Each structure stands twice: as C-alpha cells, then as structure tokens.
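Take a look at the following structure, please.
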C-alpha cells in the first residue's frame, strides 16, 4: 500500500504545491489522478518514489517512510514512467535502453536477457529490439519507455500523461494493456487530463486542485459530477454531459461511456409508445 | 551546487533602479570593477571592489543570489589560491588572486541578474553588432533556465530507473553522467530545430533593416553612472601608476619548489 | 478577393535520407475563409503537410518533392518561408520553443520587426494582436511565467501581428489541459469567423474542434483517405478503424445507427446529440 498522510510540499522558491493531501492506494488498484496543469499531480507522484520528500506529513510505501529511503531503492517497487521519453533515452539500441534499469538494480546477466525479451514481447516491440530508440516514432518511444520500467516488474506502476500525442488506436491499446496489468495484480496509477480516456478505463478517480484533493471516488460518480468537474477545471465526458441533458427521460445520471449509453438508449427506444 | 550556480546569473524581472538602468551604462560600471580587479594585486583594493558591489546588489534586490554566486565560485577561487600558494607565492598575494577571481565573477553576476537578455541584445544591436549575433547571444541566455529544467527532468527520469549519482568511485561517477548528458544534448538539438522552424516561420532575417519596437534611452541616472564610471576608471589608473597605497601583507610562503 | 487560399496538386514528399515518402499524391483545395481540420493516426503525414503550407518544406527540410503547393497563388517551390510569412502563419505544438523574447510584448513584436516594418506600424500591430488574444494584462510578463494556454495565445498573437491571411496550427493543444484546449480552439474559431482568416488545424482532439470545422481531411500513411464535412466523415465506420479520435457523441450515434435506430445526421456536439435523441424519444411516445 502507498499511504499518504497530511502531505504538504513547498518548492524552494516558496510555492506550496501540495497542501494536506491524504490518500491510500492499495495493491492491485487502478487509480487515475486528474486535475488541471499546475494542480500538483506530477509533484504528488514524485513523492511516491522519493524524488521529492515531504515538507510536512508522511509518505509510506509498503509501510516504509520514504524519507529514509533512496530513490533507487523505492524505484524497485514504484516504477515511474515520465511523460517525455526523450528525457531518458541515451542508448544505442532499444534492448540496451530496456536493460538500463535492470543493470542499475543489480540483476544478473541471464536474468536481464530473460526479462528484456519478456517485456519486448509484452509490448510488441520485438522487431525494434536492435533499433535506435531515437529513430522510433512517438508512440513506439512511449512503449519503449514503458517497457524499460516494466522490465524490473515494479509492484506499483505510475504513468505520467501516457496519452499525450497518441492517436485513438494507440490509446485503445494502452487501455487494454493497463487492464491486463491490473488483472495480473499490479497497481497502476495514471496521471491524465484526458477525460475521455479515463472515462473509458473507469478507474478510481482522484481529483487535485491547487494542491488539494477535492474528490476521490469511482470514475462514473466523479466524472459525472458537475461540481467536481467545475472545481477541478476539468471537462465532463461527452456522454456524461449528454445523460445530464436527458435526465428527464429517466436516463441514469452516472453513465460515462459510449457502450453503456448506447444500451440505455436502445432500451428506451424499444419500449415503444 | 549546480543549480545555485545558475541562480546567481539568472535575470529576474523586477522594477529596481538597477534594472531600469540602460545596459550600456551598467556595463560600463562593471568594466570599472573589472579594471580594478585586473590592475591591482592589493588585497585591500580587491576586497573593497567586492564590498562596493554590495550596495548595488541591494539596490537591485539581488543580494542573496549575488552572495550565492560568490559561494559557488569560491570552489574555483580556492583552487586559484592553492595554485598560487603551493608554487611559492606569499599568503596574502594568493588570497588576493582568489579575491580577484571573485570580483570578476560577482560583478558579472550583478550585471546579468539585473539586465534583461532582451535589453542586452538591443544594446548590442545599437552598438552595431549584427543582429543575428545579438540574437544568438540573447537566446543563449534565455535558454539557460530552460535547459536547467530539462536537466532536472532527465535526472529525475534516470534516478527513477535506479541511477545513483552519488555512489561509486570517481570513474563510475563520471560514467554515470552519460545517461544525463546524452538526453540533454539530444533535447537541446531537438529544441533548436523546433526553434529554427519557428524563426523561419516568423520571417527571421528577411530584412536587413530592423526597427526594434523598444528603444533604449539613456536618462539622467544613466548619464551620471557613465560619468562616474569613467571618472572612477581614470582615478584607479592614476592611483595604480602614481600613488602607493598601504597594503596588508603576510609574506609567509611555503617553500616547496 | 477571390482565389483559393491553398491548392495542392499531386503532392508527394520524401524527407532526405528517408526510405519512404511522408506524403503520397495529396491533392486538396482550401477556399479563403474556410476552417479545415486535418487529422489521422500517428505518422500519417499531417505535420509534414502543415510544413508544406508555409514553405518550410521544401526550403527548410530538403527532400524529394513532386507535385505543387500554391498558397494564395504563390508556388511554394519559389517562395521561401520568409516571403510566405506575411501570408501564412504557422503555430507549433510546443509553445516554449516558439517564444523568443522575455516579454509577451517582445514576442508579439518579433514578427513585424523581422519583416522590417517601421516602429509605429509594429506598435500598432502589437496592440491589435494583444487585444485580439486578450493578452493586454500580461504583456510585460515573461513566457515562462505564463500558463500553457496563455503561452499558446502568445504564440498565436505573435503570428497575428504579421496579419496573415491563413493560420496553420500543428496540434496546438498537445500540451494543454482540456479547459485551455477549449479556450485556444475557441480563440482560433473567433479568428476564422470574425476576421475571415483561413484556418488549417491539425488535431487529434476532435471532440472540441469538430464543431467549428467546414471540412475535415483524414490522412493515413501519407494519403488522403477521406474528406468531407465532419458529420459525414464521422458517420463512416472506416474512420473509426483508422484510429481517428471521433468525438464520443458522434461515435454514439454511429453505434445507434448500426443498431437500427434511424439516425440521419451524426451530431458533432453534445447539445446537437441531445436534441436529436429528444426528438426520437418524443416520437416514440
């Protein structure tokens, strides 16, 4: 479990980025962290692996206080995949790139090879194993960045804005992949302001605004709440908006995805006069 | 250490008398410090050159960061001290050499903290330097904080992959900077390509005759500063050549060579 | 005031050193004052096409170009970006890399200064552009002090100061959150409707932008595979299969149509969709 109690964080320049944040993330949970740019999402996730240490309050990963642990040791458990793969690529081949983390964590040679091959297969990157990471397209780069973290199989996986620059098919693949990871027991935290993507994933949603948590609950409740969407400077998923406008026809208010909405509409259409 | 070093040279937009001064007048003032530092080896003069900057930094609301730039430069300054002292120079002379370095660094720090790169570019343009060179200079300055942010991002990403920068012997530590440097360089190149595209799309260098919207004007304070600076320089040179000033000297030296 | 804004004839382009063409026999016509969206899966060539519209291709990016691109009657083979900058403005994805000055004002003045206008003219245009983009209060601020949305506004303002007749935007909302994205797209639509500026918008986020567009072009692997008014294009199954991010409301209606509900026109906005559904449900009753 990742436990956050009374977390406050102030940057050296005096800006209070997080204020009294309380959050518990269990093993195997699927969580989306949402909020406008500057709300503190990235600041928060940097506390999960110790990149930032609290100014006040406590962050515990599996019972251990992050203040007493190094980033390297925490990263074994909490794998952070940052937004921009270009900020981490430095190897000649994708294979080397994916091996980097494993080397740092001291895995033996034969294990590294095994893990790298496993993860290449998992993310459909086998044909790129000897390619230069710099020569790949945006979507492929993101998969390599993800692969390089999954290589050491961290218990908690945190993805920072994984959908930026991705087209609809790539997002669909990502969604399915995340669900696969969840069924395998991993905990996945996604930082995203892509409301439609989150609506389709239907995770637990935590909304941050100006450094504070303003909402925490299942996606269908949170994303269909006008109040939360307003305070969090989000946009309501189109389907949720639609359901609101059609409330008087008896549509359930908390439908946020297309397929459920389609079913509901069909039901009412076939009822007949 | 690395980040605070940049702080001492970063321009922050404030409205102080130092900020409002014309960059040319300000630069002349810095030249005075520069001159004092270079033509004198007298430790009292050098320390005074450092001290005289203090009221100016207060005027520019940059005192803290000015002090931190001196702190970061003191590592190199100590090196200079050691090199002089070990090769047999007297104690106070060696210290004076270190202080000379500090005066140079701190005066430039003062200048860059209170002068916007844009204004600097404009001043250079007024002095007749070709626009593309002025622009290159302005861009270099403007990109420093951007690259610092990039560097932090790269460091964060690599640390999150288990890279430990503080561990290992000297060889390993140097090798550990490769995963930091390569992404930084690649990003810098990528950024410059994107910027070049944007520049082309804004008609960069499409005309030889540019009329900048902002015009630098010298006001009364600037003229005063210029006159005062010129007078100070002449005064300093005169003193150096014709007047002997008391000095504080500890002639102790180590006899190694 | 007649004539096309853009005329592309059989354009193919291969970047130097690349084995595959980025664009294959692309042909299209854009009328003055139109609002066009270009979209498609990653790697389809949309960014390449943008850069063909202001001369960056072929002058900045060498490669093999076949066919022709004419912008306001000027063939881009013979007019460089410097010449075309007065007519076509290009806004890029990352606001950080297109703002060069330490004040918003300075950036907005950058274009006119480069084009060699006298000071009074530059001042006039800067005031105009700042006002159009609602940036007067932040004119003295440095770009890094602004939010992403404000930065993109500043980038657009700096293009506007050159008074182009067409603005091309390459995924301008990539780095912005949903609210700022909506803001920017609305600002762009304003430029189109009120000032008659032709707009070519490359976007993934079709849920916000579709309602403003006259026509949408879908690219895939360098070719135009579909074109037409958005509601028509979104009504076709193929569009989905390509990886185009069809707005959820449009997708919903496509699904309803497939399940036998007589949908005539696919809506682009939630309001439109609600109205249509109301009509159906009222009919039923």
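All chains are identified by letter, namely A, B and C, in their written order; residue positions are counted from 1 within each chain.
Just so it is clear, a contact is a pair of C-beta atoms (placed from the backbone, for glycine too) under 8 Å apart; a residue touches a chain by one contact, two chains touch by 3 or more.
None of the values given here were measured: they were computed from a predicted structure.
Novice: Among the remaining chains, which ones contact both chain A and chain B?
Specialist: Of all the chains present, those in contact with both chain A and chain B are C.
Novice: Looking at C-alpha means, what's the farthest chain from chain A?
Specialist: B
Novice: Just the number, please: Cα centre separation of chain B and chain C in whole Å.
Specialist: 43
Novice: From the C-alpha centre of chain A to that of chain C, how far is it in Å?
Specialist: Averaging C-alpha atoms per chain gives centres 29 Å apart.
Novice: Please output the residues of chain B touching chain C within their complex, sorted ascending.
Specialist: 11, 13, 116-118, 135, 138-139, 142, 145-146, 191, 194-215
Novice: In the complex, go through chain C and note every residue touching chain B.
Specialist: 51, 54, 56, 59-60, 81-83, 85-86, 89-90, 92, 94, 96-98, 100-103, 105-106, 109-119, 122-123, 126, 140-142, 144, 158-159, 162
Novice: Hey, which residues of chain C end up touching chain A in the complex?
Specialist: Its residues touching chain A are 40-43, 147-148, 171, 174-180, 182, 204, 207, 240, 242-249, 251-252, 255-256, 259, 261, 270-271, 273-274, 277-278, 280-281, 284-285.
Novice: Show which residues of chain B lie in contact with chain A when the two form their complex.
Specialist: Touching chain A: residues 150, 153-154, 156-164, 178-179, 181-183, 186-187, 190 of chain B.
Novice: Sort out for me which residues of chain A touch chain B in the complex.
Specialist: Listed in rising order, the residues of chain A that touch chain B are 46, 49, 51, 70-72, 75-76, 79-80, 82, 84, 86-90, 100-101, 104-105, 134, 148-149, 152.
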